[in-house]
Amino acid sequence: MQLTTAGQDAVTPALRKSAARRARRAQHRRLWPFLLPSALVAFFILLYPLGYAFYLSLFNYYLDTGASTFVGFANYADLFTDTRFWAALTRTIGIVVAAVGLEFCVGLTVAYGLYRLTFGVRALNLLMFLPHIITPVVAALFLKWIFAGRWGLLDSLFATFGFFAPDWLGDPAWARVTVVLADAWQFTPFMILVLFAGLNTVDPSQIEAAQIDGASGRQILFRIMLPSIAPIIAFVLTMRMMDAFRYFDTIYVLTGGGPGTATETVTMQTYALAFRLFQIGKASALGVVTLLIVLAFASIIVATVGRRKGRT
Amino acid sequence: MNAGRFRTSQILLFVALAAFTAAMLTPVVWALMTSVKQPIDAFAIPPKIVFEPTFEFHRQVWLEKGFGRFLLNSAVISLATVVVSVSIGTMAAYALSRMSGKAVGGIMLALLSLRMFPHMLLAIPFFILAKYLNLIDTYPAMVLALVAINQPFTIWMMHSFFVDVPKEIDEAAAIDGAGEWQTFFRVVLPIVRPGLWVTALFSLLLAYNEFLFALVLTGPHTKTLPVAIAEYGGEDLNYWSLSAAAAIAIMIPIVLFMMALQKHLVRGLALGAVK
Amino acid sequence: MSIQNPGRRKVIQQLSAVTLAAGGGMGWAGRAFAADPVQLISHRYPALEFWAGKMKTAIPGVEVNTQLMPFDKMGELVTIAMSSKAPTFDIVYVIDSSIVSYAKNGWLRPLDDLWAKYKKEFNLDDLSPTAMKMCTYNGKIYALPGTINVMMLYYRKDVLDGAGKAVPKTAAEYRALAKQLNTPARAGTISCLKPTDATLNEAHWYMNTIGQGWFDDKWNPIFNNERGVRAIESLKEVTQSAQRGFASAANDECTIALQQDAAAMGLQWATRARSVDDPKQSRVVGKFEWAAMPDGHARVLADGYAISAFSKQDPDLLFRIIATATQEANMREASGMLVPPRRSLLQDPDLRAKNRFYAAAGQAIETATPFPPLPEFYAVGEFISRRILQGVTGEMPVKQALDTAAAETTAYLKDRGYYK
Amino acid sequence: MAAVHLSGINKRFGETHVIRGVDIDIEDGMFCVLVGPSGCGKSTLLRMVAGLEAIDEGEISIGGTVVNDRPPKQRDIAMVFQNYALYPHMTVRENMSFALDLAKRPKAEIEKQVKRAADILGLVPYLDRYPRQLSGGQRQRVAMGRAIVRDPQVFLFDEPLSNLDAKLRVQMRTEIRELHQRLRTTSIYVTHDQTEAMTMADRIVVLKDGVVEQSGGPLELYSRPANTFVAGFIGSPSMNFMPGIARASGGTMQVDLGRGASLPLPAGSRADDGQAVLYGVRPEHFQLGASGLAVEVVVVEPTGADTQLYCRFDGHDVVAAIRDCAECRSGDRIVLAPDSRRAHLFDAASGLRLIA
C-alpha cells in the first residue's frame, strides 16, 4: 500500500465547495417535504400578513374610509417624535421587566420548594397551574373582582377592618403594580412548571458532589443547578418577555390603560391607533417597531445566557 | 441528618407552598363563589362568605344561552388545531433539527418574530383572507389561523426535543433501511413522545383560549367559548354572573385534560424543555 | 339550522373539511348555506337582548342570527368587516356617534325610501324627533331607533333627606353636595373614568354646563378654552368625593357602587335605573330617585338598527324585521329596560306609573345635549379622553392636557380633510 | 459478503481537509481495523463507507459495485455505533428485528433471525427488556445483535467498545473476534486503541491526519513499521526513539548516540555516514547487559509478568520491560542492551524507516 500525500489539491476550491454543497443540498432535499406544510401555512397565513402590515406602514391609510396615500417612512418618523409612544415604550419595558422578573423570582422559589418537597408535589403542582389555563379574557374579569375599588374582594375585605388599602386600579403607581401582579398571577404557574421540570433534569451526582464539597443548599442552587439549567431559563425568559410585550387583554379589562395613561402599553397604543383612530398605517408601523425592539431584547437574552452556558 | 428536623422542615415547606397555592387560587375560588351568588351578594361590602347559593346562572349558561354548542365548537376547533398544528409543526421541527447551515438559524428567528407581532394587526389580514376564501364563520378558517399562530411555538418546542435525540439514532435507522419518513415516524417521533404531549397541551391551551381571532373569524355557527363568554362582558350584572358560571365551565375540560396528562407533562418538560 | 340545534351532520361536515384542508393544502370546500339567514350584530344589554329576541321571530320563516357583544368588541368587528366591504352583517346596531361615522364611510344604506313606504304601517311618525335627529346624517335617515338613552342624576332620597339637602339644581350645587355627602364608607358621588368611552360621557356634562361645548361650528376645538379648563378642573374636584377606584370604573363598576350603598348619587344612564331597584342586585331597593342633571346638558343618545350597505339581503325584508321588532307593542313590553323613543309611550301614564324613572328621563331628554355630530368624534375622543384623564389624575396640568388634546385633535382632523 | 475498495477518497469539512486521497482494499471476509489518534479521519472514512457522509472525491465499492450515490439502506451494511444508538422506545427484540421488519421480511424469518442472533450473543433472557433496563455490556451486545440479524455484506464498527470498562472491553474484544471467525463477514472496525487493533485485526490501517500511514497485518506493523508514527503508535509501551548519528567506523556502520554510547546498525537497515537518525527499540527488546546504554533508573513498575523500568539516558526517557528484574531500585545505574535484530532505524528528518 502506498503512502499517500496531501498532494491531490488539483481539485479547484470551487469544485470542492460545490461537492459539499451538493451533499448538503441532497440532505436538505430529503427533508424538504417535512418542512413544506408548515412552510405553506407560515408563508400564506403569517408572513403574508406580516409583509402586508409592513407595506401598510408606508401609507397614511384610514381603515374606515379606505383613504390612503403613500408616505414612505413618515409613520415611523412620526412615531419617534411622538412623546406618547416613548412614554408607552418606557412604561411597557418597565412593566415587562417587573412582571417577568417577579414571575421568575417567585417561579424559581416555588419550583425549588417543590423540588425539595417530598410529598404532595403532584397535587400542588396541578393546583398551582390552574391560573395559567384560564381563558385570558375571563382571567382579567376574575382579577377585576379582586382588585376593583370598594367592592373588590381585597378592598372590601380590608375595609371590613376599617383599613383602606391602596386604590389598586385607581392610583397611577398602584395600577402599574396591579397590572404587573395580574400578569404574574397568570404566568408564574408557567414559570414554575418549566423551572420545576428544569431542576429535575440536573444530574443528581453533581448535587451530591457539591454536598460532599460542603456547599449549602443555597450555594448548590445558585452555583450548580441554575448554571446547568441556563438554557431553560433563557427559553422561559425569552418566551415570557415576548408575550409580556404584547400584554393587552388583561390591561384592557382592568384599567383600559388608565388611570390617565398610567398603564398604557405599546400594544394598547397600537390598539388605539388601529381601532379608535383607524390609522392602520401608523398602527402597522408601531407593530413593526415593537417587533424589532422585542427581537433585539430576545437576542440579548439568548446571547447572554448562551455565553453563560459556554462558560459552565 | 436528623430525621425529626427533616420532617419538620418538610412540613413547613409544604405549608408554605400550600399557602402560596391557596393565594394563587383565590381569584378562581372567588369567581366560583360569584357564579353561585346573586349579584347583590357577589359584590357585597364586606364580602359575603356565607350566602344562599343559586345555580341559576349555571343553568342559564347551559340550558338557555346555548353554551353546549359553543363548547362543541371550541372542542372541534381546538382539537383540530392541535392535530394539524402539532403534526405539521413537528415535521418542520424535525427537518430543522436535522438541517445545517445559517438558513436554519434564520428560520428559527423569523418564527420567533412571527410570535411577537401584535395579533390585532394580524386580525385584519386574516379576516380579509378568510373573506376572500369564503371561509368566514367556518371551522377551517379558525383552525388555519390558530395553526398559523401556533406554528412558532410548536416548532420551537419540538425542535428542542429533537435536537436532544442523538443523530446516531437517525443514522442507525438509515442503516437499518429506514427512509426519512420511516425514521421520523417509527424511530424519532416515538422517542420524543413525552415532549409531544407537552407541546400538544400548550397548543391546546392556546387554541382553546384564543379570543381575538375567534372574535373576528367565527360567527353564529362556529363561535367558541371565549368569545361567547366575552359577549357577556358587561352592561348588566347578571351578565357578570353568567360570565363567571361560563368561565368555571370552560376550565373544567382543560383541568381534566391536565390531570390526565400531568405525568407526561413534567416528564416531557424535563426531557426537552430546551435543555 | 339554528344555534340551539347544532346539527351533528354539519359538525362532521366541517370537521372533515378541516381534515381536508390539512391534507389537501388550500383546496377545500367553502360553505354553502341554503338560504342565508339574516345576520344581526349588536351591543348587548338587557334591552338589546330583548330586541334581538324579537327580531328572531319578527317575520315568520326568516331566520335571524344574532351576535351580541360588548360595545368596543362590536365596534372592532364591524370596522373590520365593513372596511373590507364584507356582507357579513345585514343589520347593525348603531348609536348616534356610530351612525354619523358609518354613514360618512358609506357603510350604511339610507332608509328614506323604506321609511316612506312603511311610515304608516309602523306609525313611524310617533318616533321622538330628538331620537330621529340622531338617526339622521346629511339629511338622510340611516337608522330606526330602539331606545333613547340619556344620562341622569341618580340620588339617594334617604341620604339627602337625612342630611337635610335638596336635589342640586346647578352644577355648583352638585359639586358642593358631593363634597358634603362624602364619607369613607359611602362616596359623595360616583365617577366613571375608565378610558375612554366612560370618560367622554362624563366629561360631556361638565364641558357643556361649565364649558362651552367641544367644538365651534367649524369643528375647531374649544374644549381647551378657559371655561373648558374650568370644566375639567371641576371634574377633577368632584373626583375627590367619588368612590374608590373611579379611575378604572365603567358603567358596571359605578352601578355596583350605587347598588351596594357605596355612593350617594351620581351621573348614570337611564337604562340602569331598573337595576338599582332589582332585589337580586341591589341593597338599596326603592331608595333611589332620579332627576335631570343639574343645568341639563347630560349626554343623550339614540340607539337603533341600521342596514349594512354591503348586505346581500333584501333591504325591504331587513327594514320590516327591524320595524316589527321595535314596534310600539314590543316597546311597551320592554318599557322597564329602556326609555322608548316614542312620544306616545314616554307620555303614557301607565308606563310612567310602572317605571319611576320615566318622569326624570323625559325631563333629562329635553335638557340633554347629544355628542357633536362629527363623524370622527369617537376617534378624536381617544385623544381627548386620555388627556382629560391625565389632567384628572395629575399626570399633567389640566390646561396643558387640554391644549395637547386640542392640538392632537386639530392635527388629526386636518389629516382627515377638515379646515380647508 | 464482499470485498470493499476505497480509492482516492477525499473529504473536506469547510476549509479542513480531513481525508486526503485514501486508498484501502479490504478483501472479502477480512477483519480490517482503522486505527489512529482522534481526529485522524478514521470515523469519517467509516461513515463514508456506511453512506452517512458524502464523498467529495474518489470511489467506494462494496462487492464490486460503486456505492458512492447509494443511500445507506441500499448498501447492505450493518453498523455498530460508539454509543450503540439503540432505539430507546423499542424492546431488545424490536431493536433487533427493526431492519428486517422494514425490509418486509416474513414474520417467521424475522423470528428465526432474532433467535439466532440472540443465541449467539446470549441475549435470549433479555429480549423483552428495554435498552434502559440493560447494562452497558448488554446494550453493546444488542447493538451487535441488531447488526447480525441483518446478515449484511459488511459489518461496520465505530469504536464500539470505548464506553465499556476495561474488563468488559477485553471480554467483548474476544467475543467480536469469535463472532467474526464464525460469520466470516467482511468487517471494518474503527478504534483509537492500538491494543484492540493488534488483537482483533486481520489487517490494520493506521491513519494520521487523513492519510494512510501504513497498512498491513498486525505483526507486520509491529515488526516493520514504515515510519516513526506507526512505530510509536503500535505496541505498548511505546517504542523508544533515540537520536543519533550514523558513523562509519572500521567498515561497519555504527550509530553514535552520544555519551560514548555507540550501537551497531539494526539488522536489515542501512544509513549513510553522518546521517541523522533515530534508533528505535521497543521496551521489551532491551536486556540487562554489559554493553549498551548506561542509564539511571527513575521509576520501577513491576507488573508481575515483567518489570517496567523508566530510565534516563542523556536527557531522554527510556523505557525498558525486563523479565525477572526484582532487584532493581530507583537510582540504580544499569546498562541496557538493545536486541539489534529487533531494533529499528529511522531517518531523523522524514521519520521513514531506513531499509537496506
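Each chain gets a letter, A, B, C and D, in the order it is written, and its residues are counted from 1.
Quick note on the criterion: a residue touches a chain if its C-beta (ideal position, glycine included) is under 8 Å from a C-beta of that chain, and two chains touch if they have at least 3 such contacts.
Keep in mind that this is a model prediction, so the values were computed, not measured.
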Ask   = Which chain lies the greatest distance away from chain D when centres are computed from Cα atoms alone?
value = C
Remark   = Ranking B-C and B-D by C-beta pairs in contact puts on top B-C
Query = Between chain C and chain D, what's the gap in Å when you average each chain's C-alpha atoms?
reply = 88
Task = Averaging only over C-alpha atoms, locate the centres of chain B and chain C and give their separation in whole Å.
result = 35
Query = Using CA atom averages as chain centres, what separation in Å is found between chain B and chain D?
reply = 56
Task = Would you mind pulling out the distance in Å between where the CA atoms of chain A average out and where those of chain B do?
result = 16
Numbers and ranges of chain B residues touching at least 2 other chains = 43-45, 88, 124, 144, 230, 240
Inquiry  = Multi-chain contacts only, two chains or more: what residues does chain D have there?
reply    = none
Task = Hunt down the residues of chain C that sit against at least two other chains at once, touch-wise.
result = 22, 26, 76, 250, 256, 260, 262
Message = List the residues on chain A that touch chain C in their complex, please.
response = 37, 40, 44, 60, 62-67, 148-152, 155, 159, 164, 167-172, 175, 254-262, 264, 272, 275-278
Request  = In the complex, go through chain C and note every residue touching chain B.
outcome  = 1, 3-4, 6, 10-11, 14-15, 17-19, 21-22, 26, 28, 30-31, 37, 39, 43-46, 65-71, 73, 76-77, 80-81, 84, 86, 88, 250-252, 255-256, 259-262, 275, 279-283
Query = chain C touches which residues of chain B in the complex?
reply = 38-40, 43-45, 66, 68-69, 72, 76, 80, 83-84, 87-88, 123-124, 127-128, 131, 133-140, 143-144, 215-216, 219-223, 227, 230-240
Query = Along chain B, where are the residues that touch chain D in the complex?
reply = 166, 168-169, 171-179, 182, 186-187, 190-191, 193
Residue numbers on chain A that touch chain B, as the complex places them = 24, 27-28, 30-35, 37-39, 41-42, 44-50, 52-53, 63, 110, 113-114, 116-120, 122, 124-139, 141-143, 145-146, 150-151, 153, 156-157, 159-160, 185, 188-189, 193-194, 196-198, 200-201, 231-232, 234-235, 238, 242-243, 245-246, 248-249, 267, 270-271, 274-275, 280, 283-284, 286-287, 290-291, 294-295, 298
